[in-house]
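Okay, so subunit A shows up in both of these, paired with subunit B first and subunit C after.
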Partner chain A sequence: MHIPDGYLGPATYGTLFGITAPFWGYASWKLNRTLKSRQAPYLALGAAFSFVIMMFNIPVLGGTTGHATGTTLIAVLLGPWATIIAVSVALVIQALLFGDGGITALGANCFNIAVAGGLAGWGIYRVIAAGSDVRSKRRLVAAAIAAYLSLNVSALLTAVELGVQPLLERSPEGQPLYSPYPLTITIPAMLLEHVFLFGVVEAVITALVLRYLQKHEPEMLRL
Partner chain B sequence: MKTVSKLWIGIAVLALLSPLGLIIPALFGAGGAWGEWSAEELRDLIGYVPAGMEKLSRLWSSPMPDYSVPGPRRGLFGESLGYMLTAVIGVAVTAGLAYLLAMWAGRKNRQQ
Partner chain C sequence: MPKARFLDKTLLAVANVAQQSLFSESFSVRRGLLQALDARVKLVTFLFILILISFLHDPRSLWGLYIVSLALAGLSRVPLGFFLKRVWLFVPLFSAAIVLPAVLNIVTPGDPVWVLLRLSGPRTWGPYSLPAEITITEQGLRGANLFLSRVAASVAFAILLTLTSKWSAIFSGLRSLFAPRIFVMTLSMTERYLFVFLRLIQDMYRARKSRTIHPFSPAAERHWTASRIGVTFKKSIDMSEDIHKAMLSRGFQGEFRSLDRFHLSPADAAWVAAVLFAGVVLILFEKGILNS
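Our next item is the complex of A and B:
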């Protein structure tokens, strides 16, 4: 899901920086108004969790791997705006220090995983959990469903961005200049593994951590 | 113990367990993620490297590519240690940067 440098043409990665930048701006402005400095450690924890959980690669049939992102769990606990900042920080460090995801693709990767993933996870959780008690089972179910769908939203966006490249960017001879596979390949390839495995892993991790927090640190679920 | 300290212990445990994310795929003979091949790997798949990708993919060379520490290959055990070390470094840098951003963002609300 971390698109490397060279897979997206300038039109696509430029557009996605353009779309993501206002979300970064609004999220910072929102934190500026609402975040108290005693909450800073939680933002750091969220970013660190997102970073490290993405290192747990899981093999899937067909010889590739994937992983959870922790985005929905962070969104449930900290809200969508803090999540956009926390997960974006993790993605920036992954790209700069470890070459996981491209520099030119940072706008795209932050949009897919942090912005769209965070807003979808938070929104779905809030709708399903609305009005439920902090310690209720419904919160766990809501978070699990939200995590599952959110990761698949991120995967689908990634697949679409990769899959439109052969349509947008071709040499005069008609050869793809960037990511070579069409939508008919990228969407099934990305969605199958996320629908059947990685989305389920994301849901289970989210529910397990939340259940622990419900029992031991219910204050954290007050949001 | 304070909530924050307990959660940090959880993150530390995850960082120490992170080599599982390297070892388990290796046991199954799985490579990287779909759509994240290097230019050379893509050449093996489709027979050529797209011209635009050729240029862009060399734009940035990270200091610890694929969560490995610089130096010669050391087998799965050595790579696992490197993976764990990069997890610790990554967690520390990520948390530090996020903390600074949060302190900066929340600077007006310091007293609360």
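Our next item is the complex of A and C:
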């Protein structure tokens, strides 16, 4: 899901930086008002959690393992604005320090995963879980559906950004200059694996973690 | 005996992050060309190079830049074998694999270079169609070459930046790109506490592995993994409270001050001039004003 450097043209990655920046600005302003001096340690630990969550391998089927991105889980636990900053910081660290995800594509990756994924996950969870008790099953179902849909929203956005490259960025001879595949290929390629596999893994892990917290740390779910 | 592979995979993921950080740290303190540069200068110039790469459309310019990255790695005392492995092993090789179908006329129509398959006739399914002949096209090959050269050059410079810079210097350098202080502070705190978390996960998984004679059912293992994620989250919140209290007790009032002091040297000025000169030469070459 992390788009590397060289896959998106300047028009796309520039626009996505422009779209993501106001979300970063608003989230920072909002958190500064609510968290005050607690902001940096709270977000830093949230970002570190966001980074390490991908390392937890979980048994899937027939001895295979999978992992979650954890965006919806973080949104449910920390709220949408802290998620935007925490997941973005984790993505910046992955790109700048580990070479995972492009530096020029940072705006796109942050938009797809942190902004759209975080807001979709949080919004869907809030709508389905509205008015329910902290320990209710409805919250688990809400978290699973939100995680599943949020991951697929991120995957769809990634597919669209890659798929519009041959339309937007062509040489005078009509040759694609960046990612060469059209929407008819990128959308099914990205969505097939996310709809049938990764989305399910994300939903299961999110619901199971929430179930554990409902049982042992319900005060963490008051948000 | 069935093995709990998910335990090993998680431990391996943790070890990989620690190993990568160790390698980067060991190269960033060597006495080389890029290590001697001011962090702000390096970050801004590397960003310029990455943006420049995204604007170049001639594979010769991109491969030229890739060769320059190899020379810079050598001058920065990064072993060439290690650098090549680090650059090619992940993104470019993956990109080469995914770009392969794009050389065919199914994705990139054009002049056939090699006929791979002849069908009885063209086929169409909704928006998808297969021509009567499946061929490798000249346009497809050129597009794949351009795409791979761009990815290779970009990844080479991105890896060079990470290998030759101390992480703290990269974060401080972000200030010069007008990143808000709070963002830079969060980044450096995240980097520090990331390793605390890695240690925590490693301890939890090693303890579990040392007690595992036979794994439980996949469902029970999923519950166990979820409980470890939950515990990690709980610890992260507790730790953030403790850290905040520790910061306040040391006089923190919400203002972030960096201890890093940057000194621009003649070497930095020469590096900036060289990068700008290379950029102008490449742009002139691509515009056809400068001939090879």
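As a convention for this text, the second predicted complex is superposed on the first by the 199 of 223 C-alpha atoms of A that agree within 3 Å, B and C clash if a C-alpha of one lies under 4 Å from a C-alpha of the other, contacts with A are read in each partner's own complex, and residues count from 1 in each chain.
One rule holds in what follows: contacts are C-beta pairs under 8 Å (C-beta built on N, C-alpha and C of every residue); 3 or more make two chains touch, one makes a residue touch a chain.
Everything numeric in this text was worked out from a predicted model, so none of it was measured.
In the superposed model, A:Ile3 lies in contact with subunit B only, and not with subunit C.
By the touch criterion defined above, A:Thr20 reaches neither subunit B nor subunit C.
Within the superposed three-chain model, A:Lys36 lies in touch with subunit B and with subunit C [touch as defined at top]. Shared-chain residue A:Thr184: touches subunit C; no touch with subunit B. By the touch criterion defined above, A:Leu96 lies against subunit B and subunit C together after alignment on the C-alpha atoms of chain A.
By the touch criterion defined above, A:Val204 reaches subunit C but does not reach subunit B. With both structures placed on the common chain, the touch criterion links A:Pro59 to subunit B and to subunit C.
By the touch criterion stated above, A:Asn152 is placed in contact with neither subunit B nor subunit C.
Contacts of A:Leu77 after superposition on the shared chain: subunit C is touched, whereas subunit B is not. Once the two complexes are overlaid on chain A, the subunit A residues touched by subunit B in the first and by subunit C in the second are 4-7, 9, 28, 32, 36-49, 51-53, 55-60, 63, 65, 85, 89-90, 92-93, 95-99, 102-104, 171, 175-181, 216-217, 220.
On the side of subunit A, the complex with subunit C involves touching residues 4-10, 13, 24, 28, 32, 36-49, 51-61, 63, 65, 70, 73, 77, 85, 89-90, 92-93, 95-99, 102-104, 171, 173-182, 184-185, 204-205, 208-209, 211-213, 216-217, 220.
Every residue of subunit C that touches subunit A in the complex is listed here, in rising order: 5-6, 9-10, 13-14, 17, 20-21, 24, 47, 50-51, 53-55, 57, 86, 90-91, 95, 99, 102, 107-108, 127-128, 139, 142-144, 146-147, 150-151, 153-155, 158-159, 161-162, 167, 170, 180, 182-183, 185-187, 189-194, 196-198, 201, 218, 221-223, 225-230, 232-234, 236-237, 239-241, 243-244, 247-248, 252-254, 256.
Residue ranges of subunit A in contact with subunit B, taken from their complex: 1-7, 9, 28, 31-32, 34-53, 55-60, 62-67, 82, 85-86, 89-90, 92-100, 102-104, 158-159, 162, 169, 171, 175-181, 186, 189-190, 193, 216-217, 219-220. Listed in rising order, the residues of subunit B touching subunit A in the complex are 3-4, 6-8, 11, 14-15, 17-18, 20-22, 24-25, 27-36, 38-39, 42, 46, 48, 50-57, 59-67, 83, 86-87, 89-91, 93-99, 101-103, 105-110, 112.
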